[in-house]
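Input: a single structure, listed below in structure tokens.
Labels run A, B, C and D following the written order; every chain starts at residue 1.
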Amino acid sequence: MSRSDDIAHLGHVEILTDRFDESLDFFTRVYGLKLSAKDKTSAYLRAWDDYEFHTLKLTRSDTTGVGHIAYRAASPEALNRRVAAIEASDYKVLGWDDSDPGHGPAFRFEDPFGHVFEIYWETRRYEPDDDDRPALKNTASRYQQNGGAPRRLDHLNLLADDVTEFRRFMETCLGSRVTEMIQLDNGRIGGCWFTVNNKTYDLACTEEHGGGNGRLHHVTYATDQREDILRAADIFLENGVHIETGPHKHAIQGTFFLYVWEPAGNRVELANAGARLILAPDWDPVVWTETERKKGQAWGLKTIESFHTHGTPPVAEKD
Amino acid sequence: MSRSDDIAHLGHVEILTDRFDESLDFFTRVYGLKLSAKDKTSAYLRAWDDYEFHTLKLTRSDTTGVGHIAYRAASPEALNRRVAAIEASDYKVLGWDDSDPGHGPAFRFEDPFGHVFEIYWETRRYEPDDDDRPALKNTASRYQQNGGAPRRLDHLNLLADDVTEFRRFMETCLGSRVTEMIQLDNGRIGGCWFTVNNKTYDLACTEEHGGGNGRLHHVTYATDQREDILRAADIFLENGVHIETGPHKHAIQGTFFLYVWEPAGNRVELANAGARLILAPDWDPVVWTETERKKGQAWGLKTIESFHTHGTPPVAEKD
Amino acid sequence: MSRSDDIAHLGHVEILTDRFDESLDFFTRVYGLKLSAKDKTSAYLRAWDDYEFHTLKLTRSDTTGVGHIAYRAASPEALNRRVAAIEASDYKVLGWDDSDPGHGPAFRFEDPFGHVFEIYWETRRYEPDDDDRPALKNTASRYQQNGGAPRRLDHLNLLADDVTEFRRFMETCLGSRVTEMIQLDNGRIGGCWFTVNNKTYDLACTEEHGGGNGRLHHVTYATDQREDILRAADIFLENGVHIETGPHKHAIQGTFFLYVWEPAGNRVELANAGARLILAPDWDPVVWTETERKKGQAWGLKTIESFHTHGTPPVAEKD
Amino acid sequence: MSRSDDIAHLGHVEILTDRFDESLDFFTRVYGLKLSAKDKTSAYLRAWDDYEFHTLKLTRSDTTGVGHIAYRAASPEALNRRVAAIEASDYKVLGWDDSDPGHGPAFRFEDPFGHVFEIYWETRRYEPDDDDRPALKNTASRYQQNGGAPRRLDHLNLLADDVTEFRRFMETCLGSRVTEMIQLDNGRIGGCWFTVNNKTYDLACTEEHGGGNGRLHHVTYATDQREDILRAADIFLENGVHIETGPHKHAIQGTFFLYVWEPAGNRVELANAGARLILAPDWDPVVWTETERKKGQAWGLKTIESFHTHGTPPVAEKD
């Protein structure tokens, strides 16, 4: 299935934290995002070259995980087409929401596994003040030195009991296309990588093995170079951040990665895909077998156990 | 103007050379492309991760410069829509061509400055043999070590007497959108950067100051990392290649660049844009003033004179 | 103990292989060394910026492991001083050898664990022919593109049953100083890193756990940048080389590393120490406790089992 | 002449500034050094992995340039040998100084061009407090993220009317050896690169063309990777620092470089030499001819005019 072009890109992700202050300190000082605004319940963050007001909404909560996932439509008409398609589907519709200061009305709906999505057209561009005005007018704000300082939001990974069903949801509601996937020997799909544009993926879904529902596996921002990630590893080390795995190169998608846990336990990644893009309009999904996956990551690193089980919110009996 | 989505991506560029053997040796051994096929008049080359049979057609000629520029359509229907739009325009139509072994029928047309373009849908995917089969099935062929070894075709730059008119051509025929441009004090547009997808640009046009017609400024392939370009600089140095300027960072588009001349004099670039993409569907073109351009490149490097005058084919009185 | 300054640097290492042709193909085409000469029994190899005729002697054998380790003295007088010190010691003296075409007379002696060392003054500088003459006269030969293309020999690691005793040998015979070491809870030294100059280390010795004698753990060449190692990882992957562990960063010495096994099973490393040097003349050895080592490598990677047991020649019951 | 081994390494450089506050802000926040201490007249700075209390003494003054250059001896005996050699020479002796809080008694002397040198043995190691304690005990302090964050002091460059005479001074007083030099057609030495250890150079002297006396050309700190310098270029850009030239690669010594001017006008560099070291005890100086130098830097960048004339303190009629 070719992509519909109605959805332009992943817009932002809302992350829940039961350690709001520590999480905010991590994301701004160590991970390297910038704070656009903060209210009683949430902080609105963005990478230095994200053009919108926020790409990460960090929300104070009694749990962790993902609050909602937002995609921006390609036009007002495209938004209407998507809303019609979703309303015509069998998926749960939550209706219009205008609670975020970072964009206009958003149409909310839910996947079969409890993840809340929203799509919107009207947005709020980030307007840098004098202190944050970049030297080069083609960047959204000053390049910042703090922490990992990723350039932009890249993707997120959600856990679901049935990846095949999740795929139907993404194709139906967002018109996403699949770029790579894992075909398990038992006939199930172990994981699926989706994109709505030329990025190799903006959302991945892997099979839930932790027993939870509506869980988040990780959220990722992109760095300009692989060296930025090696440097970030030292920054995480110096700041006592739990480095789960990496830096290393994924076999799937070939992305250079580094996974850490923010203070509340949500897994966050820094990644670099090099110059890789999906430009072919008729790209055939790359299908990985279970045998191929057993080889580990690109350079042979074995996938560590927690990567298969840890998600947020945590599931007591599994974590 | 929002992009039409009818055109998927830049497909390939045909380069003319009056030193065919030296040029072919340069592109394969030093610049680092792979040879897909070769006939009496042309060699068909591609970067190691280009998915099509060729992205560079190197053609034996008594001159230099660009033979034709090819874009791949997003679907058969999209191709038909574009053909209709071009036929309805006032631009010169050259009709259908099926001379290239790398793709199906291509509809050819010409810009007002003598550059030949073509659009096509049917393509020939590169099929690696055992020697060229990659270790990771999501890459088009083996990562190769020779020379600069760029990953994929990135963009080209054409010279035109009237960039404003060239812009109308690109918007009308390809539905390209402008991401950045130079506004001269004399009211003219000094340069314009176009894209049909999420790449920051796939074609640039700068004002012709050399007095020629239908000239090429340069063709560029993308590397995964900036370090690949620093390494390539040493390779070019060891091979006696004329390094014109760089490595350095462009102010416009922020691309890290290195320009060299292949044996016949055609300018070729290696570039890396980091993680920068144009994801906003309503991106406002960044407009650079003449004063801003006088600051030189991002880190202050002055643009060298030959960059303003050298194009191919050469124009005696200017080069 | 301050260093004696009598020994200038590690000169070369002789590696034995029972798969001579495959090993030679690996070292020249994949690992990226250059062939200086070859005779019936050995091939003489060097990195592109090694100033001597060879830094790796690859010798046809019915086993694997290390043949001998050579250090170059700082002067003829320094060589005599070292010879006198060694002869006055209780270590086994093998006498003068002039079998290598790459240097003059070498004085050979043996450590208590069966490793043969030699020291020499007269050497044979590598003289590049026209094809190998570098563009910059301050490099020993052309920068080459093949494989990992490390810049120079860096260090080697030997296994010994008693690292404390090995340390006495290095200090007595070579005047080496210890820069870092592992202090085990059982009172033994688990590993010791030595240097004779400003390099952080040129030889390491770790406790033999495989049950062998006179075994080699690995030989290492240095790359200019960490990115060269990430790139090499892809080259090893494409060439089916067994990547044992890495790329990652060592906690001890902070070196960025990648370990692979050459066709005969000898472990070889590519490493980059960044700008780190030991400049302090009174450097106090950094002592790591067993608890600290349990944290794994710098960014948390657990040391894999084979790293503790695999050495060459292999010991059947342990490997 | 082989090196004497009496001098271990360049210890620190004192820089004068007539814009103390701006200069201190630059060195700590933008260039990326750490502040060890500050008194009424000076600030004592070091890179994050410099083992001594300070490697840069920034002193409030009514002018700019270099205050003094300090080298650390290899031992107390070595210090005495050097002092005797200097006192036996015809060079100006200034006697013992103990004004610096960062080390013990220093023996001061002067070169024929007005540069003050000192040598010392007793030093004060940097002792990190809890906030600055590194995660890895083999680094001198926490890896810091601010600014360029170089790893250690690397070298400085002084201007002198007669480089041949300056060379005699360095060999006589410090036992430095020459690794590379420029032989001008007029028979004079245009520049000379010196080292007392395995670094490719720790001090360079180039012919004074600005008409001044005792002037400084630049001071340099080393980064771990070339990418750190590309990143620093963006940081300098965002902070409005005057980038004079680079990033690029020197032909002489092959160092990757970036030169900027700190607020008072003193030129400072960030450099990376990759894995290049001078290990040969009998290294023959590489001699560059005027013709070879006319080729510009390694990749063809022409040396800009200010590089030949700008030094500190400035000389009115030349700057």
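To be clear about the criterion, a residue touches a chain if its C-beta (ideal position, glycine included) is under 8 Å from a C-beta of that chain, and two chains touch if they have at least 3 such contacts.
Since this is a predicted model, take the numbers as computed values, not measurements.
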Given subunit A and subunit C, the chains that contact each of them:
B, D
Common contacts of subunit B and subunit D?
A, C
Same or different: at the subunit C/subunit D interface, is the fraction of residue numbers used by both copies above or below half?
same
Report, in whole Å, the distance between the mean C-alpha point of subunit C and the mean C-alpha point of subunit D.
32
I'd like the Å distance between the centres of subunit B and subunit C, where a centre is the mean of that chain's Cα atoms.
46
Identify all positions of subunit C at which a residue touches two or more other chains, and write them in rising order.
136, 225-227, 234, 237, 298
Within their complex, subunit A touches subunit B through residues 2, 5, 8-9, 49, 51, 72-75, 136-139, 150-152, 154, 180, 197-199, 222-227, 251-254, 272-277, 279-281, 286, 288, 292, 298
In the complex, subunit A residues that touch subunit C
226-227, 230, 233-234, 236-237, 243-249, 256, 298-300
Flag every residue of subunit B that touches subunit C in the complex, lowest number first.
134-136, 142-143, 145-147, 225, 227-228, 231, 234-235, 237-238, 240
